[in-house]
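Take a look at these structures.
Next come two complexes, and both contain chain A; in the first it sits with chain B, in the second with chain C.
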Partner chain A sequence: MKRLPPLILIACILLAWEAVSRSGLWNPLLFPPLEKISRELVLFFTRPESIMEAFVSLQRAFAGFALAAAFGIAIGMLMGRSARIAALLDPLFSGTYAVPKLALFPIFIFVFGIGSLSKVALVFLECLYPIVIVTSQGARGVSRVLLWSAANMGASRAAALRRVVIPAAAPFIFAGLRIALPIALIVVIITEMVSSADGLGYLVIYSLSSLKTDRMLAVVVVIAALGWLLDRALVMLRDRLVYWEKLETYYV
Partner chain B sequence: MIRFISSILAILFVGNALAQTPPTIRFGRGFAAEEQLWLMSVRKDLTPNQGKAYNLNQILFQANPERFQAFLAGELDGGTAPGLAVIFARAQGVDMKIVASICLEASGKGIFTTQYMVKDDGPIKSVKDLKGGTIAVVGIKTATDLWARAGLINAGLVPDKDTKVVPMGFPVIGDAVRTGKVSAGTFVEPFYSAEMAKGGLRTLFTAVDSVGYEHELLDIFFGEKFLKSNPEAVRAFLSDYVAVTKYYLANTEQAKSDLHKAGFVRTPLPAYLKTSDWKRTPDGRVNVDSLKKLAVFMHDKLQWLEKPVNVDSMVDQSYLPR
Partner chain C sequence: MGLARAGALAAVLLLWQLASLLWGLPDYILSPLEILRHFFTALGSRELYEDIGASLGRALPGFVIGSALGIALGLAAGVSRVFDDTLSPVVFLTYPVPKIVLLPLFMLWFGIGDLSKVLIIALACFYPVFINAYYGARSTQRILVWSALNMGAGPARIFRRIVVPSAAPQIFAGLRVSLALSFIVMFAAEMINARSGLGHMIRIAENSLRFDLMYVSLASIAILGYAGDRLLTFVREKALAWQEQPA
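Let's turn to the complex of A and B:
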């Protein structure tokens, strides 16, 4: 029942699209009917090379995301628990957060080459920021009462970190990861659109260059579905690991 | 009563003025090789019909897909486009026609043709040596992509399998070749002259070498509906276009200086004046045979088209001055 309203909204959007497509007001090459997009979607899943392109993009996104998660959580925890490290790194992160790192992509190509490495490096950089900032907020906000209680019970600093700080910051860590995951996918697709010979981004630009909007939109649907599936998987993982605090948001 | 009569007169006056306003051509332009077209906006004194039979509004686009999307959305009446892009569009059923030629890829003294260059001291001596390497083009399914693939196919290589073809912006291709990030790259003016001045690169093949014949590079297209509803405006526009092309060819240095002064070209003027130019036909006539050959190549060798395209039906030169 809870899922019905969003499904109705999606159905309304699809109906509106179909109505626009059939209205004749706009060129059907710009607004292809759903039937054409669906046909291209079926073709996508029946072509092994298309599946490979999706696999290539996911590999790149995962690699950059995993690196960002590993470094981001570590840096965020350090910034959250150490005033000195926070004083050192916070100006750097907050000062450069708004920089569109995608603008640095040509430099990344020169440093890391035109293949996957430059794309993975940019995904890493884009994902690092939200993970670091949200994790550091979580680590900083751990209740002192909990820490004092752990100390009174004889917990060492390492044990307090492992058994108090990390669990208390875990909802924030997952919030950071959840912000970063779609960013990983977006950055991979854009970098592949700019300069690549493979991946879903390449398929988007390839279809667009042939004025095959229906095919391009089918790839966009695949990207959206992948993003949704990855988000669901991350939420499931979060709910298993952070079982004491169920995620209660209107968009889950 | 006097107020009523004056209102009627005012309406008649405005209506008459509107009826006399020539149609505005919303024209999508690019950023390279379209000098004579730009000159139509910079030197209106060379276009006697402008303001009388038509008004011209040139709108800059960075790439063909965006220009075609704007055209499909009804925001443009016509524009410039590479012949192969119009072939793609026609294959998708877009109602556009090529009405005139802007420039061609041709070889000859003082004529520029797109170059594919490699490191001078690098291991690549022939196109065959590109096996296992990467070639940089400016965009997927663009003319630069077609020539790169044609060059590879001629050398017995399979594009994408034997040699990767990757898109890259013109300004960075030179350094990408020098640093070995790509094995070869596409160069057009003014990047070609700039890289030649730096040294260390040499030409492996050219666009003309790759397909083996002189062919259309850029053309002027119009939507069929606009052509049917405004034939006189298009005729007047093309009459001016041909006149400006002739002026440009006869007074290239002056024309280039005017374009530079108007901000259409950002290259420093001395360098811009030195660059060699693409071949431009003074009468604006389209080399239809070359488009036919390109369409066959795109269909048969590259599998870029699902079915053959009727090139004759996509070219209409009847609007050009006789």
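Let's turn to the complex of A and C:
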């Protein structure tokens, strides 16, 4: 029952789209009929080339995201548990937080080349910030009583880290990852649109410039679905690992 | 805190400058002093101001439109069941979708001029503000609403005097995210397709190997992003002076 309203709304949007495209008031290039879009969608999944483009984009997003997660969680943990490291790194992160890292892309192209590496590096950099900031908040907020109890019962520092700090920070870590995952996809798509050589972002721009708007919309649908599916997958993983705390809000 | 911030940044810049003096850097990495020199040269020219003006002319209207809609609809969904049932599922369903992919579609519908860029920025800014306003309004303490009702306040008064102030800190958190986002989307849109603005400038510089201009554009967007964030934090502190600062 809870799933019904969005479905109704989506159906209304699709109906309105079809009505607009059939009305003949606008050029069919601007509002291609649903039938053509769905045909292109089927074509997308049957052509190996387009599957390859999706694979390339996903690979870049995952590589950058995984690197950012590994480094981000480690840095965030260190910043949360050590005042000295926090004093050293916090100014760097909070000072450059609001600066659009995307502007570094042209320089990254010169440093890392036009291929995947410059895109992965940019995804890494953009994803690093939310993960570090939210993880360090979580690691800092670990209840002292829990740490004292663990020490009292003879837990070593390593054991306390593994059994107390990491579980306590886990919901925060996942909150950071959840902010970073859509960013990874956005950055990959943007950089592929800009450098225009391969990937889903390139496919969107290429279909537009060859006036295949139905194909372009099919790719847009695929990207939207990917964004949604990745988010769902992360939430499912989170609910498995952090089963003791129910997910309620997007942000901590 | 200010000193520590300056210290860490100064150390990085010093290392960078030393590296360029001792070993020499490749052509595409300028030293901080060179960047500073080029930046001040560019400050003397009219082009930089035109590009900054064009960029702000896209980012700010997009930010204002998207945030205003986000606050209005987010608060509405937070207090009214009808709005909650119709709006929230759609917003949360489409939240993880990268909005920038709609830029080509918007270019078809609204032309390749500024309108399509302003609208895509507004769309991107809408989401964080909506979600924060929504949770901010929903986290209003019941006891405050009950007390107000008990003292004879009407729904409009409760909304204005209790729900909005309760949601304000979270709304500002959303605004901070969306302001940063507006600059990112603006820069992306200008890199993909524009004839002016900082994103366009960096593309032109890249294509003609004018590394000095690349760094001028980079420095400008960095300063704008940082200044915008500080300004918003300043406004927040003035507007929410009554709120206890979190540690």
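Assume the second predicted complex is superposed on the first by the 242 of 252 C-alpha atoms of A that agree within 3 Å, B and C clash if a C-alpha of one lies under 4 Å from a C-alpha of the other, contacts with A are read in each partner's own complex, and residues count from 1 in each chain.
Everything that follows uses one rule, which is that a contact is a pair of C-beta atoms (placed from the backbone, for glycine too) under 8 Å apart; a residue touches a chain by one contact, two chains touch by 3 or more.
Remember, it's a predicted structure, so these values are computed and weren't measured experimentally.
Determine, under the contact definition given at the top, whether A:L230 touches first (chain B), second (chain C), both, or neither.
second
Does chain B (first) or chain C (second) touch A:A103, or do both, or does neither?
Only chain C is touched by A:A103; chain B is not.
Counting residues of chain A touched by each partner, does chain B or chain C come out ahead?
More residues of chain A are touched by C.
Thinking of the overlay built on chain A, is A:G113 touched by chain B (first), by chain C (second), by both, or by neither?
A:G113: touches chain B, not chain C.
Which partner does A:A61 contact after superposing on A: first (chain B), second (chain C), both, neither?
neither
Should A:K212 be classified as contacting the first partner (chain B), the second (chain C), both, or neither?
Only chain B; A:K212 stays clear of chain C.
Figure out whether A:I190 sits in contact with chain B (first) or chain C (second), or with both, or with neither.
second
Look at A:L161 in the shared chain and tell me whether it touches chain B only, chain C only, both, or neither; answer first, second, both or neither.
Touch partners of A:L161: none, neither chain B nor chain C.
Regarding the shared-chain residue A:L177, is it in contact with chain B (first), chain C (second), both, or neither?
neither
Contact-wise, after the overlay, does A:L29 reach chain B, chain C, both or neither (first, second, both, neither)?
Both partners.
Using the superposition on chain A as set up above, list the residues of chain A that contact both chain B and chain C.
Looking at chain A, the two contact sets intersect at 29-30, 106, 109-110, 194, 205, 208.
For the complex, give me every residue of chain A touching chain C.
Touch list, chain A to chain C: 5-6, 9, 29-30, 87-89, 91-92, 94-100, 102-107, 109-111, 181-182, 185-186, 189-190, 193-194, 201, 204-205, 208, 213, 216-217, 219-220, 223-224, 227-228, 230-231, 249-251.
Give the list of chain B residues in touch with chain A in this complex.
64-65, 68-69, 72-74, 88-89, 91-94, 134, 136, 139-142, 160, 164-169, 172, 175-176, 179, 181-182, 304
Which residues of chain A touch chain B in the complex?
26-27, 29-30, 106, 109-110, 113-114, 194-197, 202, 205-206, 208-212
Write out the stretch or stretches of chain C touching chain A in their complex.
Chain C reaches chain A through residues 1, 4-9, 12, 26, 28-29, 85-86, 89-90, 93-105, 107-109, 131-132, 135, 173, 176, 179-180, 183-184, 187-188, 191-192, 198-199, 202-203, 205-206, 214, 217-218, 221-222, 225-226, 228-229.
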